[in-house]
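Below, subunit A partners subunit B and then partners subunit C, in two separate complexes.
Take a look at the complex of A and B:
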């Protein structure tokens, strides 16, 4: 009871202090940090404005359009388009509008360049799907109005640059016509549309740019067919490859006449290997082809004659052409050489002369150069200077100018695939990893300033000094472990296959490592990183062993390609080892066992349902053998609507004897009827979640025993019809079914149907409850439901004496085959927002009450007390229930503006929320990632176990000193008085 | 003080002998006055003191009983205070309850001291002491009862299971949607 009343007291205390967890304005940035990214740049356009700040407008693979400062790489403005609104092209029109074409060429938007406000938007429809092109001709005028030429969805549009109105349109309805290029020769009123029809016919349309009238249509067939893209070598000549990739076709359509020439690649390059591809580029007169090993630059010398100008085996990247004067075009070329990159800027018609040749030292952790964008400026001596923007393999963006990296942006962090955490090194005596400590004087000065602030004596300058001191506290960004466990490393894996370690204190990158195992190689064509696991977390040997993480990746998009494992030291970022597996990786099951070096045992399941044990040591094998019969696994086949349970059987019966490989057998299966149910979400408890107690004390000293099992799976299914967008079905046709399934026995513990409801379903599972979010079609509102599951078979453990003497079996190990009797309680509430992600706070011991973290559609993170989602809420709770902290039932969940964890910030493109317990029980660390990153600390029941950060130690010290002084003074005084008394 | 002594030391010494000579037999040179017999006075004095002693022990016994009954009043007052404090846990009720517990305990510790003044060979203090102890135990019981009504005694199953860790599961299962 003492404990209970203590908690009651805390609860009472916390609820009486208003349920806000908000910050004061000056606390922003103390414990949280926010980083803005844009993603891998797809296309960049330099603003050529003479006045104002130099800027570059980029579109990225994260569907961001952004305007960056060319001096520092900062973001001026940024817009994130929706996930299905992929950007096809950007350009700058009239020098002040950014034009974007997106959604497969069906949406054209114009944005104001200085501030990023949208000016207009037009929707472009067309007869069929096709490639899309956006052209902004500089000199094509139409009633004093600049015209944009857009080819999309099989239709050519001319659009006014000022208001987005469609001036004319022309359909290309021929069934098999596939557009390859849209050309607008400068200085003419013509538009050429070239493409292939039926894959062996070359088609050319000449169109009047003034009114869209078809002037000419020519076609020519090529029996050998085409493959890949075409490269434009002049305004009226294109180069294509035949279907075998061995013959180059030079097709010219001068004056509307098609003439062509065929040149076998072997004529140009003697030792050509395998089929070639054309590297898309727009440099006139020159194009590049790439075979497996070599890249060849070829010049077109009139009448389709080809000439090799350079052949290189280095990795190479070419920029588009940049017109520097009337008849001169420059382009940039980047070649790799061991630890440097060589940048050359050449004129298009003069291959041998270089305008610029520079070497820049490049960290090999950035990988290869993927894209180059060139821009020129006029130096003070009136000559041309060039700067290039390069996009690296790790998705970072760099600006090179005068042989130096002016700035770089780590935009790989915009596409995080998986996150895990690692502890920092333990602080050692003598070997100081930490920064230089403040000296005593500074410490005192700082505290005096703080004291001044507390006593309201500080001047505005002092206040500013205090604030900057708080923000830049070296304490939080040290490279060692702290007592509270606030300082950790966030290990993130990005889509580019790069691992980053971010410091939780200030979000800086501690190390980054481009995984060599994720590098393209012959054995592994297109490696993709999948997941991160904690491989080794040393506790006993924390001083002399470093923790490591396991990166699981795969050699291709399909699930049967072989997997690759890499092990990375989290202190140094060194790749300890990597394993190319001979089997695929379909599932990775971290087992709850560790060997003597504290390496966690992992079970990797391949496509044939064989289980492979890692690490491959005899010790691991003996540990595994001991628990062999108790290890099960399940697979969710969401396409077929089947969940299957499996057990391990025996050693693999393959031709190669492998004692770490095990056969499995099917134990059970749950088959959802495909005509009525489709799996949309599955959730389990987090592996590392700590639960403090199995009992829940309810009003009147009653006890309910939670059903806490690691092997529970929450599955949500919807009607197949209702799996589309919200509103696509009527309430009668749509339903949502929630299941709780025991994954060892396949027993369905609970099933509930929500009629008239629809996905998408977001769910989170913790302790003995699951909360899920869906759409209610009847009420036209989002709903959140909670299911709590209790163990009824333990409910009669109520004899106090048995409990006092410990004569109960509540903590003895249980088997799931004993069929516990469970009861569930559930309740549903309306909720205003639609969600992008949902998570729950986790603390070190699991004592602190929980909060749900909801990633809202507005890209913010909202904290909601679990108390609001308590199925025992009633409209009129009794006195005892009120004391317990039960909130009267309302039909909708409140959104308290102060409980936005992200306060005024937005985590653009929010994808995931991760919570990590700190060592301090009251506190949990929250990391939200999307295109932006956000990190903060949360205390769901306030920091009841530590003094707040703004606690004034100086005030305490001064009070103590003053008290001691007062004691001495009064003692002296009293002595003197006593003496005088005696004299009287 | 020392100053005073110093002054006194410097002056001449003098003294007054106040010794009472009335009971001592006077010196032979001064005869007793007529009608005065020394022996009868002595006899009378002894009977008076015996009576006096009896009255005192009676009074002591009476007082001891009174002292023994004193906690009863206290008990009533405590009961009233507890009723006033109510059954919810807050500062006032906790204060009352703990004082209700503390008072009897401290009183029980000092049982000997309370009855010290009434200690007499002739007075039987066992009865009052027992009553005193019983009443204080009653007070203690009242305090404990109050503690219980406040819900601060571990008398329920919930008090013993609230920190029981969850039971270990023998089986382990993992998996999910294929990567």
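Take a look at the complex of A and C:
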């Protein structure tokens, strides 16, 4: 009895452990890593502060504004603005405020330079949409207050730099007036606003900067019209191109008088081909024009006379001007040569004299230089030194100084398009032998330290030692496959067309490759990467082959442009081959068949609904022919509200005989009425998901069968009115309908309407359930619903006697025409936060219970046990249900802070969450990406199949020693007692 | 929470009108986020996870995002009339989303309510409902925690067997004891001493 109660006691303790993901603070960084990025830099402003650390403030295409350390490239602070709040311009005011103009010039914000705290925010309105300009004149003062000049939405504002108050404003309401430049000549109290009206009239407004009074308004018409941008060559001269792009117009408005000069480009450049465009630059006296092949730099001498200073066919990038003294301006020029880039810094008025000429070796994987920003510093010998910040084609940011790359940031990783994983090479004997622990003493010392840590006896120094010991463990960052499957390569495709392989152990870049096929070429004008697929995953045969991935891309933004395929080896990052397709790629269907070299068969559907088989080998074709009739897929046309099912018909009947091309036929279609429903989300199960068992044992020894089909599609539609933002629609005119559709037959298995609800809908499908998140307008809260679908056709087979007597229906034929006997259960709960992404954990065998991973609006990832979303939850569960683990029903889902997977970190700009099973059943790998990257390991039911990281071997040793000692002591005691007995 | 209430009251008295109307159909929503300082977290030995500069205020699930001024005020500009949702994202704190009704008929008349507990707000002053502790707290060393570990339980069990069992045996009736011992002997159950190598010698 005593023993039994003792075991109960043990059970009690082991079951009282909370089942949620939880982490001690000192375990941060042990299994997870977090990387911060900013995205491709659009604009950079160097802080000119004399004291303190040198900074550069940048704005990026990911809509981030950040302050970087100029010495090391680290982020001091960073803010991600809203998606509709695109940054138009940044500058530094008064040396301590970062000024940003965003939202098409309607929001002006000021940030404290040292810590990134917002100081003020102003909303700027105007009569009409226009280009926006932000000027921070250095010497324009207004009652000791520096003034910002902002032109936005057809209105010119003067704004106080200290508190964001609008000092004065002036409208430019003329209908056709299009502003091109806003100029504030240094040292004067004038502002010039120049632009075009009605596309052939040049307009110039001269405004008093003190009070916004219009001093002068001149206009001149040019019969040939204008095209493109204008370039400012001095404070009172602009250069523009006429509408044909072949004549240069030099317009000067000195003292308010407009005078102009026309120079045909052909006069300057003999062999000029095609129309030119002006490259905007702010270098005084010099501007550049670019035709298809050549870039020409032209200097303006005196009264509108032009002179060609340089002509080059190389790719070239020019920085803005930097004033280095009262009357001197310098600018940087970068030219490409095979494996190097040449940096030259020149003075604006002296083209031939170089201030600086350096060559820097550049990895060609970084591509071309897209942007250059120049900054100067004063060397110890009082001469000027220059450093340049360059933005490369792969979106990386580099600082060059004294002919060297001082630091580089891989900011391409801020814009990941798709992610897949790859195994690492198998460990071969002699290649890398696991390092044995140095010696026993070291080993024991380490474990004693750990023991001290677990017993909370460690001093801070000890804690630091433990932390560094844990982080240093080379085990997790090795380049070979491990037994538990924790070490993998994450292959990510970025918007720049670069492929990166990240090691899951520490997040370092193993290799990176700028895809040649995604390079701009004549055939492919603006290639964009679309998706990554696992092309070859060798395991059984073909063990010697390296795994490879397929990158699908297309040549332009519209879906009917031809596609490009490239195959990349995941061990080395080499591009094995690439194919320029003669057809478009609308849909890629990885088929569940592989050939003898473990290459996966893929079906590519083009715009005319022809299916193309890849790889184009006869073996693949023969495998495909065998499964010809078993291949079904669906397509969603969310514009028209139609979902269609397709199957293959026959060989292509085109003029060109192509064995690998097939005609398709439509099997079924579901048409949603466009006046009442609009498709907002479609989700299917993950292709590689493993389900452990179909049976689910419920309370009372009863069994339910999950309806597990790979061909289930979840579709959510909302009322067209309710597809806008929250608050734009009343609950009465908004509804959300959820469907479960079989994609082979097109049969709707389940349909449920949520009245008074609206999108956005985020959904995840796994096993036999789907969970979706939407907004309930009546309660004005977010809601999450779960639908579980069960198979009823086998419900009668539970009786063993029926099975024995053969009265079961297991052998009865399954027909597509009969309605599947399914039942669905569903339940809804309130959830506090908006979601950005949703995913579910996946494990190797599907035994471990599941957790939902919710990417919240605060850019955190919350793990929520699936048990909270169980339609069988009731307010008062019975005893049997409680034992089964059913949680009493509550109206909202709990948010347990310890179950934030990202703990105290943010994955800024979260876009996607990817889960990958490890080989160890209890563990799943989670990768969340946005502007930041975050990776961790999760054990939804705790690590029941392995010892945790903080398992104390020393405590185990001590226990064993204590036990052995106790055995000897008791032996002695019993021996002595026996002796005494015998003497008695 | 007790410490929060007086602060809140103070704010209600001193804060300026929190809603103001804009031009035409667009309105401005102005409010304030107030994070009470020195409430628990700071005293627990590690720094506050989120600073004021990292707090974001989001309207309608990220349609508009704004940041806090140093005094905690924020504003959304050009918001159409209707019912909106404001969320506050701050590491270390749990904020309830707020339902904000911007009325078109009488500009300036706006209602706000916490959606988590349906509490109405007379002013748009947002306070965290609770702090969020992302890490498990290591319990200080105690004999109990050592005993609760599997190893501790093992040792405890062994000690219990070693010292309590003889006691149990002692309390037994001598008659019964003898019978039991005889039974054991007849079954050939070896004593502890005979199990060990040294014990077999005698």
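Quick note on the criterion: the second predicted complex is superposed on the first by the 884 of 984 C-alpha atoms of A that agree within 3 Å, B and C clash if a C-alpha of one lies under 4 Å from a C-alpha of the other, contacts with A are read in each partner's own complex, and residues count from 1 in each chain.
We adopt the following convention: contacts are C-beta pairs under 8 Å (C-beta built on N, C-alpha and C of every residue); 3 or more make two chains touch, one makes a residue touch a chain.
In this text the structure is predicted, and so the values were computed from the model without any measurement.
Trainee: In the superposed arrangement, does A:839 touch subunit B (first), subunit C (second), both or neither?
Mentor: neither
Trainee: Could you say whether A:125 touches subunit B, subunit C, both of them, or neither, answering first, second, both or neither?
Mentor: Once the two structures are laid over each other on A, A:125 reaches subunit C alone.
Trainee: For A:82, decide between first (touching subunit B), second (touching subunit C), both and neither.
Mentor: After superposition on chain A, A:82 lies in contact with subunit C alone.
Trainee: Looking at the overlay, what does A:289 touch: subunit B (first), subunit C (second), both, or neither?
Mentor: neither
Trainee: Under the stated touch criterion, which partner chain does A:702 make contact with: subunit B (first), subunit C (second), both, or neither?
Mentor: The first partner, subunit B, only.
Trainee: In the overlaid three-chain picture, which partner chain does A:58 touch, first (subunit B) or second (subunit C), both, or neither?
Mentor: A:58 contacts neither subunit B nor subunit C.
Trainee: Quick one: classify A:369 as touching subunit B (first), subunit C (second), both or neither.
Mentor: neither
Trainee: What residues of subunit A sit close enough to touch subunit C in their complex?
Mentor: Within the complex, subunit A contacts subunit C at residues 6, 10, 13, 22-26, 28, 77, 79-85, 106-107, 109, 112, 115-121, 123, 125, 455-457, 725-728, 760, 775, 777, 779-782, 832-834, 836, 856-860, 892, 895, 897-898, 900, 903-904, 906, 955-956, 958-959, 962-963, 966-967, 970-971, 974-975, 978.
Trainee: Report the residues of subunit A in contact with subunit B in the complex, numbered from low to high.
Mentor: It comes out as residues 1-5, 8-9, 530-531, 552, 554, 559, 585-592, 603, 605, 627, 630-638, 645, 682, 684, 691-695, 697, 701-703, 705-706, 708-711, 743-744, 797-800, 803-804, 810-817, 883.
Trainee: Taking the touch rule as given, give the residues of subunit C at its contact with subunit A in the complex, in rising order.
Mentor: So the residues of subunit C in touch with subunit A come to 23, 28, 46, 49, 51-54, 56, 58, 60-70, 75, 77-78, 80, 82-85, 87, 89-92, 94, 96-97, 99, 102, 115-116, 132-141, 146, 148-149, 151, 153-155, 157-160, 162, 191-193, 196, 198-199, 202.
Trainee: Please name which positions on subunit B make contact with subunit A in the complex.
Mentor: Interface residues on the subunit B side: 88-89, 151-179.
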